[in-house]
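To start, the structure under review is shown below, and the notes come after it.
Going by the order they are written in, the chains are A, B, C, D and E; count residues from 1 in each one.
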Amino acid sequence: APQGSQAGSAPAAAPGDGGALPRNETLYTSGTQWGPPANFNPLREWDYATGTEGLVYESLFHFDGSAGKMVPWLAQSGTWVDDKTYELKLRQGVTWSDGKPFTAKDVVFTFELGKMETVPYHNIWEWLEKAEAVDDQTVKFTFSKANYQEWDFQMYSRAIVPQHVWQGRSEQEVLDGKNENPVGTGAYTYKSHDQDRVVWQRRDDWWGKTGLNMEPKPKYIVDIVNSSNEVAMGLLLQKGMDLSNNFLPGAANLVKGNFGITTYYPEPPYMLSANTAFLVLNTTKKPMDDPAFRKALASSIDTKKIVEGVYGNLVKAASPTGLLPQWEQYIDQQVVADKGFSFDTAKAKKLLADAGYKDSDGDGFVENKDGSKIELDIIVPSGWTDWMESIRVIAASAKESGINITPDFPDFNALVDKRSKGDFDMLINNERQLSNTPWTYYDYMFQLPVRKTQNTVNFGRYENKEIWKLVQELDQVKTDDAEGMKQVMSKIQAIHLDEMPIIPLWYNGLWSQVSNASWTNWPSSVGDTPKTPPTMWRNWLELGGFETLTQIKPAS
Amino acid sequence: MMLQLDNVTKVYKVGAFGGKTFAAVDGVSFDVRSGEVVSLIGESGSGKSTIGKMILGLTSITAGSITVDGVPVKAAKEYYRHVQGVFQDPFSCYNPVFKADRVFQLIKESYYPQVSAAEWDGRVRSAIEDVRLDPGQVLGRYPHQLSGGQLQRLLIARALLLDIKLLVADEITSMLDASTRIDVLNLLAELKERGLGVLYVTHDLSLGNYLAERTVVLRNGTVVEMGLTDKVFGDPLHPYTRKLLAAVPRLNAPWEDAEPTDTCHYHAGGASGALFEADAGHFVACARFDGCPR
Amino acid sequence: MTAIQETPAQDVAAGAGVRREALYFAVRNGKLLVGFGIAFLLFLLGFAGPLVLDAVDPNAYGTKPMSPPSGEHWFGTTTFGQDVFSQFVYGLQTTFIVGALGGGIAAVIAMAVGFTAGYRGGLVDEILNMFTNIVLVIPTLAVLLIINAYLGVRSVPAQALFIGLTSWPWAARAIRAQTFSLRTRDFVALARLSGSSTRRIIMREIAPNMSSYLFMMFILLFGGSILIASSLDFIGLGPTEGISLGLMLQNANQWSAMQLGMWWWFLPPGAGITAIVGALYVANVGLDEVFNPKLRET
Amino acid sequence: MRQYFGRKLLVYGLTFFVAVTINWMVPRFMPGDPVSSMVARAGVSNPGAVETMRTYYTNLFGFDQPLWKQYANFWAALFQGDFGISIWVFPTPVSEVIMGAVPYTLGLMIPSVLLSWVVGNWAGAFAARRRLLDNTVLPVGYVLTAMPYMWLAVLLAWGLGVVAGIFPVAGGYSFSLQPSLSVEFVADLLHHWVLPFLSLFLVALGGWAIGMRNMIIYELESDYSNYLSALGAPQRLIRRYAFRNAVLPQITGLALQLGVLVAGALVTEIVFSYPGLGSLILKAIQNQDFFLLQGTFMFIVLGVLIANFIIDIVYVVVDPRTRAGMAGAQA
Amino acid sequence: MSLRVSELRVYYRTLKGDVKALDDVSFTMRDGEILGLAGESGCGKTTLGKSLIRMDGRMRHMGGTVELDGRELPIGDDRRMNEFRFHEVSLIPQYSMSAMNPTRKIGKMVGELLGSRGVALDRAELESRLDLVELPRKVLGNYPIELSGGMKQRMVMVISTLLNPSLLIADEVTSALDVSTQKAVAKALIGFRDAGFVKSMIFVTHDLALTSHIADTIMVMYAGKLAEKAPAKVMVTAPRHPYTKLLINSLPEVGVRHADKKLSGIAGSPPSLLDPPAGCRFRARCPVAGDECGQEPPVVEVEPDHFVACWKA
């Protein structure tokens, strides 16, 4: 078998050269990897060692979130030749780390891997008809239905794997293989790993040096497995770490307290926003099946207290639409002004009363319209301390408005189980990240049909064909058609705010605390510094995280 | 014939999980009649206490039978109404955290719950007087405030509160001083005159001799000699009995230096086997009386 | 870590006179007085404190987060502005409850097993002994972790129950050994001759004889429960409602109190646990000395 | 002798059996389903893919077989050292994950347990019946035993690590190094080892010191000590004898305490993010990694059992009483 | 005169006050003499024995002197007493069964003990003494637990006398044994004296009959005081003190039957030593007590070597 010579022969930790890594050439980072580096399989998007994609494997494009545009990467360009045909021109001179040239065949091979059911992007084959290599540098994709928004997302998300290594791997190997000693096109190669770290080493023959005119500055990147936030903070304070992408409680104090630690913004919210924390309501259950109740609930939540009290201003309250600040242009401010909500106990009470929810037994909590008691649970995984604190605040402020909510902290597993089966009242979730398109958010909020188990999207089992149609419509708007997008989205936002099946609460930060002791010129909002996201998070290297590595400078 | 032991055997399991067995009492038969003291004599470990405990139902009988007036031993209230015991160490017979007269209270709770406190008090006092103690001196005191002799006599008084027919007295004098010991012995003798049967367990031969009508000599769990006390002590047939007697220090006579020379196989434990009536009412388990070639 | 590791079977039988003597030594035993004194003060603080504190909810957010101890906040405040002193006071309460419940449950099991095995002997003893040994050898914290992780029962009583169910073996063994030696005492035989039932003999003859021993054992189980509970809390398997000293430590740790220099957050809870458990242990030596003339300094 | 060990082996065997059974039962009868969580993690939404993955993982973990068979397989796998595949570090075999952590835990446990035992016993013996020393060793010992492990760990980390900056407070070795046999690496390893070791050592120390002190007082009051004194033997000899005899129950104490010590090590590792079994367990819990949790638990049980067994043997070797008792003392 | 005890007072300190366990006891012993010390439980026998070698923590030397071979024993001074122990005064304790370190082989322990007293172990001598008490030589390689009670007793006897002490105190060494073993041990003791391993011996027991076989002289104590001291023969045949008389009368002899001759004990119990009554301490139980007994009776040598403390003697 072709792959035989490559896979499975490498020792877990490369034999050390004994000496320490030179401090001034090494970047220490943490906050991405929550367990020991388990595998280097870029298709295991949920648990490969962070950096597997982005440092070792690369995608066809990157996406620049602040400019809102695709940045050609392995691809030189991509164009829609017609409505249903997309043609990709690949860069010349790209080589795999084993020296073999990168060609269109590799791209086709990667996409065709998706025909295996268990590959995460298997879905695209529902609307992608075929992918073919026209020549070594050209790939042609033919679609049965062109989902432009989603396609762009695929273009910068998919890690391209070498056909000559992967060919012949069984579905099980693709799904479960560790892929030790990964062969990629990226700027780094795997050097070694241990339970608590992965070490990447720069590839000095990386194509991007000339092709992109970029060079990542650290010769070595040591990605430290997060054991806990306090350990990360300790390392950061002792200058043992340069970039911490952990949520560090009290980070504001670090920034203010002259510890030599900075964040993107020098003042609240300190961090860029990365995703939205939603309050997911189980719309199949009474009274969450009633939009009036949901809207009342939305008004009863004291988000400010969460932002200030729990997070110490490290996060921002979310827009009622839930759209990240990066997508601000798509928010229809008029719709928000008309239909939006904010924390207002009196209003919440009024909304409840108007909808017929009354406290008939005088216990201080309203009852269902039929007089039965309302006793709702709100759940987050046990041990997720900031969220645990947050739902305590939510429950307390909802009680003020007369809604009886009890916080509960099942284990993550149990929660996942309940969540996918729809066996919950309400929960907090933030699974969708910033992306090239708000479509990914709406897909997450409204996807239909509702299945027996809802594993990734629409946990609240909200069924609204109209809005789902609009979401699909949005998908098919060309990504450069901002106006077209706005139009559809305005309609979606109106329905969302009227129906309120899922309540946006706050934006989680793109946690990033940096020390300037060894590396400087970190991205920040002030001065002449890069504006790229200062993060090594999974999927964020393609969103500009990698570019950050090329901009920092060793402190002399 | 009130107490009857018939081929009684007690096998203890020893070692982890009872891997080994050990016969502490092996085929013992004798009886005790009303109004009679039978003394059970033997060296340490010969199984005397084990026999006492079996009679009192404190330990199970492996084989054979023990009956009192034809009723087999049963560790039940009714049985203890008629059969009681007094043990060697008077201090350990009292729960040190309670007052000594609690032993009477326990009897009342079990057997005479309906008797009024006043009447009970009367009975207790008279029983105490029966054992020739002054109730005023012994009631309401803790065990450590009383002497061994007093405690031992209180225990006998306790037994007297019940309608007992048989008393098992297991080495009840060995912890007592010579001067108090004799009082307790005299008390046992009085009980016998009242018609009780007494099994008097001891390793002190002179005491057994002082009190008992009949004597049973035990060795390694088997009876080596038994019969009327006069005969056993006056004309010991079994070499082991002789050796024992020779070892007893006597006040006025020197130790008999002559160890019995005609030692036979007696030291082989129960091997000597069955008892033979060497003389009227005088049994011995010795090969010499079995037409042994030696 | 106990003073009653298997000490050579001591003479547990303490007579009334001995009891009076014990009292005499008790009031003169510095260790006993200091130990119980500290434990009692903390107990008072835990149970009377909440009555006089104005904060109803010790977890309520305050306005001055991360402030060091001051007149207003005696022990300073947490990252959320919670008053560390209120938390400490309520935490003490929980800690005492866990100790009493966990220690109590363990003591009950230990007594049931120990008395039965020791008194009955024979096969019953073999089986119970085997059972005790099994529970003893299995690393209980690991079991607690597993069970707790899966069941996810996260209340103080549930925690105490788990602790109680796993921390009894050494005590059962000690009781068994003591019962074994007491069982052969003649007063037990005498009680049987008086028609007492087995249960009654255990409860009324044997147990009173070891009352001091049982009391000491309870103290050790109490302290042990507190320590185990604090470990569980710390790992994140503590109760989800309310506050305990272990949870305070966990919070302090999770919210980086150490790195942020908020010593006032992590010092008091640990010191509280150490003080309670240490005081009880010291009192225990005191008791040991009172009941055991040999240990007294002559 | 043989019977003694037979009996011990029976207890250990049963313990192991019970432990394995609990271990097998717990994930199967508790809420939450590893397969669901694997699937959920993968973030696959397509129903066909979900089904495929479900079947795949159910197969992989053997959940499709009847319970008794799963139980039998569990045992069979166990004897092949196969603890299954970690979910958290998928698809690394659990045994591999554990083996990576074991050296750290052992490196921490063995020295701290043995040293604290030796030093504690020594200190306790030294203090006993010496008024002045007794009055210092005893209270210090009590404070130490009464300390929650993690608190002492936090105090040490704070005092010697954060404030004084002498020792690192997290990790097994520096992130700038790779394991090798170089002096630099070993020194670094030791540097990281000091604080966790110290906190385990100190807490255990107090208990042993107190235990020893009490034991030796009993021994010094015992008949043979009295007899030796009456014959004018010097204190040196009497103390030596007393020490030797008092150490014996302490050996049993060590066996009794092992479980607790393991627990202490786990918590301490967590405080110092020391890459041993403790941290692994915490992660396994946080990530619902049933198999890893089972594996670590199994490993700890085995470790404790083996350690207990060794202690039993040592005990027999050093205490003639057990040997004589076993041989059935001659009369 | 090997031992001279004069006006010895030893009290126990207790919470309730001093227990006057030995109150003004004087007597002497000759070389080669075996003194049987008898008396009721609690009369101070053990206390006397302990006083001569090692007092425990609660005992206080309140007065009087002890002279051994002409040298005064510093009995109140634990340190100074040490040089006499083992070499001059030795002891077979009441607790012989547990007197040896359970975790040391006996031979080794003996070697270490002797070594610590600066004496080299004479193996041949040790073995010859083992032979004398009929112990197999291999016991030296055994642990104490491997010996039976009687063997332990004899082993301790050998150990205690290894240095040929001038005075040996044997406290209730036979009480726990049954008659035949008792006899063997008792004979061994006499053998030791005869062999010159010990010069003189105090044999403490509560069994008058036994002591009459071993001892040359018997001393009877009552409530912390000497009651009567006389040669053994005289003591059992012609006691002078009413207490001794009653005591001897209460002993059943083999052959005496209740039916034939009813013996009687001594009524009452000994006085508390916490606060003993003035005068003769036996007064309350004494059948012949008179007014003069309110005064403490002096110890009078009524015949050569026969001392009695009684006004009526």
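Here are a few things to note about the model shown:
As a convention for this text, a contact is a pair of C-beta atoms (placed from the backbone, for glycine too) under 8 Å apart; a residue touches a chain by one contact, two chains touch by 3 or more.
Nothing here was measured: the structure is a model prediction, and the numbers come from that model.
Of the two chain pairs examined here, D-E and A-D, the one linked by more C-beta pairs in contact is A-D. For chain E, the chain whose average C-alpha position is most distant is A. Once the centre of each chain is set as its mean CA position, chain C and chain E turn out to be 50 Å apart. The centroid of the Cα atoms in chain C and the matching centroid in chain D are 22 Å apart.
Rounded to whole angstrom, the centroid-to-centroid distance between chain B and chain D, based on C-alpha atoms, equals 55 Å. Separation between the centroids of chain A and chain B, computed from CA atoms only, is 90 Å. Among the residues of chain A, those in touch with two or more other chains are 228, 234, 383, 411, 414.
In chain C, 149-150, 152, 236, 253, 258-259 are the positions where the chain touches two or more neighbouring chains simultaneously. Looking at chain E, one finds that none of its residues touch two or more other chains. Chain D contributes residues 31-34, 36-37, 39-50, 52-53, 56, 86, 88-92, 97, 100-101, 161-162, 165, 168-172, 174-180, 182, 184-185, 273, 275, 279, 283, 286-288 to its touches with chain A in the complex. Only residues 1-3, 5-8, 130, 133-134, 136-143, 145-147, 149-152, 170, 223, 227-228, 230-231, 234-237, 246, 249, 252-253, 258-259, 261, 263, 266, 269-270, 273-282, 285, 288, 294-295, 297 of chain C touch chain D when the two sit together in their complex. Interface residues of chain C facing chain B in the complex, by the touch rule stated above, are 13-19, 126, 185-187, 189-196, 205, 208-209, 211.
Contact residues of chain B toward chain C in the complex are 17, 53, 56, 58, 75-77, 80, 84-85, 87-89, 92-99, 103, 106-107, 109-111, 142-145, 155.
Against chain C, in their complex, chain A makes its touches with residues 228-230, 233-234, 237, 248-250, 253-254, 305, 309-310, 312, 382-383, 385, 388-389, 392, 408-411, 414.
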